[in-house]
Amino acid sequence: MNETQHLSSQFDEELSRLRTHVLQMGGLVETQVSAAIEAYSTGEIASVKTIVETDRKVNELEKAIDDDCAHIIAKRQPTASDLRMILGISKIVTDLERAGDEAKKIAKGVRRIYENGHLPGQYGVGIRHLAEAALAMVRQALDAFARLDTPQAADVIRADSDVDAEFKSIIRQLITHMMEDPRTITTSIDIIWIARAIERIGDHAKNVSEQVVYIVEGRDIRHTKEQSK
Amino acid sequence: MQIQDTPSLKAEARGLNFYYGEKQALKGINMPIYDKKVTALIGPSGCGKSTYLRSFNRMHDLYPGNRYEGEIRFFPDNSNLLSPDVDPIEVRMRVGMVFQKPNPFPKSIFENVAYGLRVRGENNRRVLDDKVEHALRGAAIWDEVKDRLQDMAPNLSGGQQQRLCIARALATDPELLLFDEPTSALDPIATGAIEELVHELKKRVTILIVTHNMQQAARVSDYTAYMYLGEMIEFGKTDEIFIKPQDKRTEDYITGRMG
Amino acid sequence: MKPLTTEQIRAVIAKGKFRDNLFKAMGVFCLALALLVIVALIADMVIKGADRFTLDFFLNFASRRATQAGILSAWVGSLLVMLVTALAAVPLGVAAGLYLEEYAKRNWITNLIEINISNLAAVPSIVYGLLSLGIFVYQFGLGQSILSAGLTLALLILPIIIVSTREAIRSIPAMIREGSMAVGATRWQTCRYHIIPYAMPGILTGVIIGLARAIGETAPIITIGALTFIAFLPPVPYTEISEGVNAGLFDWVMSPFTVMPIQIFNWTSRPDPAFEVNAAAAGFVLMAMVLSMNAIAIYLRYKMRKNIKW
């Protein structure tokens, strides 16, 4: 990326502020996902409320960042790498906000399960493992953005297929469970929703990484099978 | 992805060097000019873009001490515009120019446009009327002046004067039109009108435009060349140059990182 | 440096304004003085010559009797000489100026020519007279005629016309010239359609200044032999001058003549005080001729300049 400074130091400050806000937002989403996983394992449904509140902050940040992007476009008419940065950030922020929403869904799902009096751990499915994989993807994707590191972004994109495969296997397990013992259906379905949300978080992390590649290299690799570079 | 057909060449600079006396202003320029496309030349002050532009119509020949090396090939006849065997006047009959500051002659609107035809020996009134109207229409100014062709040209507004100068250049059906920062002396609305016009004109004539306004280059041109200190640093499709330039120097210039 | 207080600013302004007004006053005084002198001169001539302002004065030839002496041959002679001067000097001067500005390469030869033209303007007019005496009157055999006088004065004012032409051409912006060349015009087409028409006001100014100077030149005309006492006019073409002989088209050019300044000079050197009146009257007429020439020039220049805008 172009590390030379602009003639306008104000422009440099604006861009730097923008990137900081994106990382801030990413940090909050990371916290949300991590707390949701904790709640799932420990049943601390008090943290669910915190997750929901954090989501409000995340939404505010999304609006603020998009607003800043609009200002920069209007004021600076960015080109080349600056243009790709702004466009990339605008899309990254959408994916982060949705990841936050998914974390919120997980938290609400967990609350439902525990309120029904069931312990998900008994279902013996690898939700925790799946969730940690997804969280790692989110962390790596944000790191790739912070350091504009395309190899790391490529790793995240690759990891998504693993997460997808694991998700499918969890679904199969739960279907088997439901067929064996119909009393477990309500909770199983809740767990399926949770697994779905986690899988989506992985997708959003992948999208963020694709944007990182666009920002750095100018290649749009969305919707392609491109795995490694 | 758009379907690209390779455009044909209208002109090509090959190994072009230019000297103002002892000082070398252009260094080894190799650059294509594609037919019926708009090519923009951008770069900081003193990079040689105007010098390069004015080589195309041998304007430098008007002043002593200037020297060309290399060629500018002109198609379809593949002649070298810079050859000492080629009369500069012949070159100027095929290549028209619009200047930075609108410079209509202190004559009537009609005479301004007809001048190019008169110097070619055309004196038939009906032919002149026709061609003048055609040129004024081509410059998108016919409706504004059709009732006052005998009025003095300098009385027009700046934007109108510039469009009149464009009509003057068009009247002689040039193959290549050179624009030397045509809107730098105009207000935004007049600028917009000229840019619209360039877009229309490229259907009939190849255009080479020098501009120090990068957004204008991005809006108006199909191909862009970035020049710096007499050299051509990068040449490519405008879309690519402005979204993903190849050379860091180009990127620095267009993103405003140059000191 | 601390910013000034309002009082200090006012003090500075007051001092500046005082100097301003002082300078203005001096300027007005000088101007008034100059105008006063001119007005006084003219008034003096008018008063002294009042008796002679009759039609006869304009239609009579010179005579030994003051009251009957008129300026007919003088003003006709002046006009004809001016005509020859203009016809000789203007084409030569304008063409030379045009060539030097537009066509000549800038090298040591043209620089030398440029210096010499300025020098020519400083040559005393009597020297021109001597030169013409030798070359035009004797060598070419043109005699003591209107032609010789016209050519002499043409030489005299040539530098003025060349310089005015060059200045007028230089004031045309380069972008007009470039605009013309860019359309495919040759050098000559650019000169014909643009350079000469736009330089016309300046050239005209130079021509009138030159002629106004020439009309008052006495020394060279005397040197080449204008007569001081003439009782006839140069022959009008195609009229009878003697029995059965018609004047040719150019006989007038070779004719002896006199001009206004010489007639005035002649009258002032007469002992008879009555001739002073004649001299004053003639002087006023000469002034009027010069002023009207200038007025015509100013008017023509104004009309032509109106349409030239860049």
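What to note about this one:
Letters are used for the chains, namely A, B and C, taken in the order the chains are written, and counting of residues starts over at 1 for each.
To be clear about the criterion, contacts are C-beta pairs under 8 Å (C-beta built on N, C-alpha and C of every residue); 3 or more make two chains touch, one makes a residue touch a chain.
Everything numeric in this text was worked out from a predicted model, so none of it was measured.
Under the stated contact rule, the graph of chain-to-chain touches is a line, running from one end chain to the other without closing. For chain A, the chain whose average C-alpha position is most distant is C.
Think of the whole protein's Cα atoms as having one middle point; the chain whose own Cα middle lies nearest to it is B. Mean C-alpha positions place chain A and chain B at a centre distance of 52 Å.
One inter-chain figure worth recording: chain B and chain C are separated by 48 Å, centre to centre, where each centre is the mean of the chain's CA atoms. Centre-to-centre separation between chain A and chain C, using Cα means, comes to 94 Å. Note for the complex: chain A touches chain B at residues 2, 4-8, 11, 76-84, 218. Remark: chain C residues 105-106, 173, 175-186, 189, 193-194, 198, 307-310 touch chain B in the complex. On chain B, the positions that touch chain C within their shared complex are 57, 59, 62, 64, 89, 92-93, 96-97, 99, 101, 103-106, 115-116, 118-120, 152, 154-155, 165, 168-169, 172. Of all residues in chain B, only 214-215, 218, 242-245, 248, 251-252, 254-259 touch chain A in the complex they form.
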